[in-house]
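Supplied in structure tokens, the structure appears directly below.
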Amino acid sequence: ACSDEAPSSDGGTTENVPGVTATEILFGTHMPLTGPAAAGYSKIAPATKAYFDYVNKNGGVHGRQIKYQIEDDAYNPANTQNLVRKLVLEDKVFAILNGLGTPTHTGVLDFLNQQKVPDLFVASGSRSWDQPDKYPGTFGFQPDYTVEGKIMADYVKKNFAGQTVCHFGQDDDFGRDSLAGVEKILGASGVKEKQKYVATNANITPQIQAFKTAGCQVVISGTIPGFTARALGTAAQLAFKPQWVVSSVGADNLTLSGLLGQNKGLLEGLLSVGYLPVSTDDSNPWVQLYKKVNAEHNANAPFDNNIMFGMTVGYLTVQVLQKAGKNLTREKLIEAVQSGGFKNAAAGPYRYSKTDHSGIGGMQMGKISGGAQAAFGPVLETDEADGAVKEYTEKPTTPPGNGVPQA
Amino acid sequence: MSPPSPDSPDTGTAGTGIRNTGASLELRGIGVNFGGLVALEDVSLAVPAGSVVGVIGPNGAGKTTLFNVVCGFVDPSAGTMTFEGAPFRPRPHQLARRGIVRTLQGVGLFRGLSVLENVMAGATHTSKAGFVSSLFGLPRSDREERRLRTEALELLGEMGVADQAGAYPETLPYAVRKRVALARALVARPRLLLLDEPAGGLSAEDIDELAALVVGLPARENACSVMLVEHHMDLVMKVCTAIVVLDFGRVIASGTPDEIRENPAVTEAYLGAEVSS
Amino acid sequence: MERFIFLTFDGVSRGAIYAAFALALVLIWRAARVVNFAQGAMAVVTAYAAYMTYNSTGNYLLALLVGLVGGLLLGAVVERGLMRFVGHANPLNDVIVALGLVLLLTAIVGMIWGGEYRAANHPFDTNAIEVGGIPLMTQYDLFIYGSVATIVVLLALLFTRTPIGLRMRAAAFAPEVSRLLGVRVGRMLTLGWALASLVGTLAGILILPTELGLHPHAMDLVFASAFTAAVVGGLDSPVGAVVGGIIVGLILSYVSGYLGAAVTPIAVLVVLLAVLLLRPGGIFSSVRARTV
Amino acid sequence: MTLLEVKDLSSGYGAVPVLREVNLEVPQGTITAVLGANGAGKTTLLRTLTGLVKPTGGRVAFNGTDLRGCKVEDYVQRGIAHVPEGRGVVAELTVEENLRLGGLWRKDRADAKKATDEVYELFEPLARRRRSLGHQLSGGERQMLAVGRALIARPRLLLLDEPSLGLAPKVTAQIMALLRSLRDSTGLTVLLVEQNVRSALSIADQGVVMSLGRVVMTTDADRLRDDESLRHAYLGF
Amino acid sequence: MTTTEKAAPQSPVPVTPQRSPLQRFVTAGLAPALPGRGGSTLLRHLIWVAVGAVAVYFISYGIEPFRNYQLATVAAYLCVTVGLTMLTGMNGQLSLGHGAFMACGAYTVALMQNEFSDRNILGNWTLLVSLPLGVLVASIAGVVIGMCAARLRGPYLAGVTLAVALVVPAFTTRFASVFNADQGLSVYIAPAPAGLGPYFPPERWLAWIAIICAMVAVLLIANLVRSRFGRSFKAVRDDEVAARLCGIHVARTQVLAFVVSAACAGLGGGVLAVISSSVSPSVFGLTLSLNLLLAIVLGGLGSLFGAAWGALLLVVLPYATTELARSFEMSPGMANKLEGNLPLAIFGLTLIIVMLLAPGGIQGAFRKAGFAIRRRLHARRT
């Protein structure tokens, strides 16, 4: 059909909003379900979907059921470009939700922006998502890697004063931004040895040996779980025992002990930083709620931080939808996110506003001891610029009784 | 007849036993080693213009190696070569341009090319179409292709296989393939043609035709001399104006066919006594 | 200097494993003139078998045995059930079918065991043996050296000293002639694949503890390195595979240690080009074929 | 006694028929020369006999037993050796290994060894080049190797496809003489495809002429050799 | 490596020089080509390209934006597959690294386009500078690798090109200030010309750009293949010694084939960058290179039609398998396990089955069918 006169994506009228009908809202996402990057991450989208199913069973949002279409991009940007266009142009989704990965999602930013498709809660800590002028429809979710780096460094500065601090990072924006954050607190000279790894080369012995030679006592680590585990294993082999402080990306106790197997004892004492409740903390009401949803709608998949993450995204989305109101449009959705003030399982505040599209701004240190990971100390908050790291004092919330946020 | 001595005043043609009529190709003192193996040693010979020179000898005597030296596939460890009076350092892909073409033991046709294309490929070096005109399909390229095609068809006609122009080599009888290979060699208008066992695998009838053809080559419009390696003595005796005999990489005899036939050393090393019936 | 020695030892232990994997490729190349792009995926399947065994019994040797026997079987099955039927009109067909097999095996493994990384446990002490304060190698490294050396020696003997080896080589180079000489070419192919798969499995099991862990794609990058190693050494030579493997291991270690991990692929390419420009058939290529 | 009996044998490549109902009897202890123009189907006949080309009809009996369903690999053990046309040499193996391969299946190690030595004696260029790879050999040396290797099997029936191709006249004569003496001393049966009609007929007992995939004449070799009109009619010289 | 093309059986139909274009089209690739026949190669190929372009123009109006995007992707891949088919199918050189040449083109286009837009030089015409420049850069890379490739055969060539494929991410990481490492660059692409109307879908405009590029690539390669160079390519593949004796410089011919195909890949990469308005290294990784190879083999190596099939497959096959897998109803537990893996399994299985049943690829199967039909027609006529 000739569609010259029938623009499909202006989204200006309430009655003709892509992906929204009287009974349904359709979200789409791209995730690595297969391929080397799939480990762990493949559990996020199904968890979100499970939470949506839970909400749907409880009547949906404003009477609409939430549909979630998950596309497997295998962490290959070429696939992402293709699949996101399919989601937008062919499946006509209402919004893209929680697309995962920096390189993958970067490739579709311009497209989504041109099409004016809301691009919510990108699952990556890159700072790229927070550009309201250039990408008004894109919002981050997790604390960016610089914020994370600053918070870790702040803790190290206060608690390991005088010790030799080093930084281990992935050779991309993750490691780079993380190091930038650390150096904002400790100064460039405060980090004695900086080493990088690439995800395609699992042998990091040369790097770890460099740390040992440099006499590092604390290593702050912007690593994915596989490399956190390898770093610990390799260090042990070299009889090198620094204090590890690891980014939330690579510090999930469950994942790490799986990776380390018989050597999981090495995790003892590992410091981490997090923005969600620890998945093993059964006393946490959010964990209780999510576990229930997981059992009912997600075939009781092994419950880890990835599932926490997915469920929280789902919860936040429902909060936003409630706020956007019955007459749902893309503009209203974006306005709703920008109005901010969301509170849920996340430790820190969501910073969403007209001028700020970055996500969660607060984190809490955690520690593995006796085989269990637990958060400790205050929730800390900072920005990616030169702002100080300060305490966030608001009380944590608990979920409503039926587990579905109300408008 | 004894091998030519290096200081012989007439080295160039002494080996052939033919009066010097202006040598087309001339080899002096060629030697080749493969590791420890001496494949050729001090080989001198000349192919005068307008002659058909046969190279014979026992298996492994170095005949093919000699051809390889002339074609530049093997670098000689000693000796010099001249072609048409000028010193000559062969490189295989430039041979055709210099006027030397060689056929291979077996057929060596391109299996992915039709008969016509095979023959056209033989004249590749004469095409004046450059990369750009070929890439853009310019008239120059078309013109040259048409010329090649005409010439190729002409030669295929001469060999009596024009009706097979569109066929692929593998589907053709061996004798036809041999003819195509010959057409491919001749389309390049060589002045010296090297034939490596042209009669191998051919029937008596085909060999007779081949002989007639080879004898006629020097008299063709584009006259060419021929150097020929062959074990089929009938053919060699019939077509050659001179014969060189190699054994263990050395020239052990040379002369006219009749001289060679009578030479006891050649009989001993190569011909052997015909099996009596 | 200390760093250099350290990096050298690190490179050699890595290289030994690439060597084992490269050996598997060399084996199939010698037996069937095929570069088996599915080698990695096949090794993953058998590594899972070994993993399951070790987890349920705690017996490393038993697990190793299960893996190796599984490898033998898998190799035979792949040859008998699949590669045998591939048309040889075009040598690329083998490559494509192998790639198809990679996708299929990866998908099946993913369906059964999921995409998670699993720890590859082993009963060896991982504390490095230090010499002069430089941690040189672990017990596990010694185990690797031992296994790889054994395999190389056995394979070399097999190929050069035994009739079976001669048959395998002949069958690969000239199947038709070999059949006329009474060589059961089909069986030789199956045997070649089975052996190669066994060696590949061993390499896979050996390398896992030094990689991120077992998951459906665990061998993807190992395959690339091993292929490079095999090519550097000359695909026809088991000794070449070992030397090639160690060269690749050393490059990866030195370059990663001195220039940064990100540069390693560039270094590998440069070395590969340098080696192959000097010896287009790999370091251990035999005499150049006579073409005319 | 008939060692090899071919009845109505047909075969071809893909859909293209080449052999058309070939009938042939080869008596034990004789040499049969198969003659014919290029493309007559001689090679195809030999290839069909040893199963390299699947027959589309007819049957082959060797020593009274039907060879249908017999695997290519088994022929040599039954006593049939086939020297294929052209390069029947494993180019990547050395001369020694090629010869070893020829006797691998034999139980009688000592005799295999003896046969190998005989081959070296017979083809003395091979003895000089034991450690050379197949592809380094000259055309004729390869041919010697292929023929020699077949002899190591000590076959009862030897199928030779243009053994004289690329061989010096002396060696050709040598091989012909050898075949004759093997026939006389050991009762070897030979099916000899040759373009070199004269030398083939010089030792053959029986001549078979093929044309366009059919056997057009089977006769005594002597007759074919001596009767010029017959030769003219069938062989063109 | 000698990639052998199954020799077509001798044509049972006598080859007549004068045939209608339709007849020629029907039998193109079926009959043994008789090169050097009358008429202008350029004109003949131009007519085909024009017909194709007009057809695609109308098609692009008839389909949805996403289909237009898919069409554009097919066109981008087509640029690459024609070159690769020429290289692998006709010249017998195997490359596992063409993704890297695509990356050369793509990054050049990206950097140029962004440079233009930074200097406020806007408009679609800048592509006329960027794309050729991308082709140039890819060609230069092609010369370097091609010179090495010309010395290598079979798996050794595969080994080197594999290493080339793996180098792309390393380069972008090493020179992150230019290429921005893994994250890649977004590419400034001017909107469709205003003359096309305010609601003209950008995908259709991009599809046009891509198709024009593909047509140019196909046209030029078709010319080349029909020229003496095409003949030399095949000659070198079939028998190097004989080719040299025919006066063909083997190494130079191989380098030329490599460079031309690298240039095509550069164009394809550039087009891909344009239509997706972004570049990043993992797009051009080993997976892409292997997929390209897979596509041309499945399409059929013998002719350029195979390249077209291949390009189509690259887009359709992943899409189709995912849709197929999605059509099965599954419980959430099942779904978690099978999601992603099922399409992968179907994809792999398809590859294997096609290769076993139709080793000549799609074009080979068509060719066979064509022969059967023609033989039958011929039989009926006589």
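The chains carry the letters A, B, C, D and E, assigned in the order they are written, with residues numbered from 1 in each.
Going forward, a residue touches a chain if its C-beta (ideal position, glycine included) is under 8 Å from a C-beta of that chain, and two chains touch if they have at least 3 such contacts.
Owing to the predicted nature of the structure, the values given are computational and were not obtained by experimental measurement.
Novice: Please indicate which chain is farthest from subunit B, where distance is taken between mean Cα coordinates of the chains.
Specialist: Result for the farthest chain: A.
Novice: Farthest chain from subunit E, comparing Cα centres?
Specialist: The most remote chain is D.
Novice: Between subunit A and subunit C, what distance separates the C-alpha centroids? Give it in angstrom.
Specialist: Taking the average C-alpha coordinate of subunit A and of subunit C, the gap between them is 38 Å.
Novice: Take the average of all CA coordinates in subunit B, do the same for subunit C, and state the distance between these two points in whole angstrom.
Specialist: The answer is 48 Å.
Novice: If you average the CA atoms of subunit C and of subunit E, how far apart do the two points sit, in angstrom?
Specialist: 32
Novice: So the centre of each chain is just the mean of its C-alpha atoms; given that, what is the distance between subunit A and subunit D in Å?
Specialist: Centre-to-centre distance between subunit A and subunit D: 76 Å.
Novice: Of all the residues in subunit A, which ones touch at least 2 other chains?
Specialist: Correct list: 33-34, 38, 42, 171, 198, 200.
Novice: By the touch rule stated above, which residues of subunit C touch at least two different other chains?
Specialist: Residues 106-107, 110, 114, 260, 262, 264-265, 291-292.
Novice: By residue number and range, which residues of subunit B touch two or more other chains?
Specialist: Residues 64, 71, 73, 104-105 of subunit B each touch two or more of the other chains.
Novice: For the complex, which residues does subunit B have touching subunit C?
Specialist: Against subunit C, the touching part of subunit B is residues 64, 67-68, 71, 73, 104-105.
Novice: Which stretch or stretches of subunit C touch subunit A in the complex?
Specialist: 2-3, 6-7, 10, 14, 106-107, 110, 114-121, 126-128, 130, 135, 138, 210-213, 215-217, 220-221, 252-253, 256-257, 260-262, 264-265
Novice: For a test of understanding, state which residues of subunit E touch subunit A in their complex under the given definition.
Specialist: Touching subunit A from subunit E are residues 61, 64-66, 69-70, 73, 166, 169-170, 173, 181-184, 186, 197, 199-203, 272, 276-278, 280-283, 285, 287-288, 318-319, 322, 331-336, 339-341, 343-344.
Novice: Would you tell me which residues of subunit D are touching subunit B in their complex?
Specialist: For subunit D paired with subunit B, touching residues are 36-39, 86, 125, 129, 136-141, 143-144, 162, 165-174, 176-177, 195-197, 199, 201-203, 225, 235-237.
Novice: Where on subunit A is subunit C touching in the complex?
Specialist: 33-36, 38-40, 42, 171, 196-198, 200-207, 209-210, 213, 225-227, 229-230, 233, 236-239, 255, 258-263
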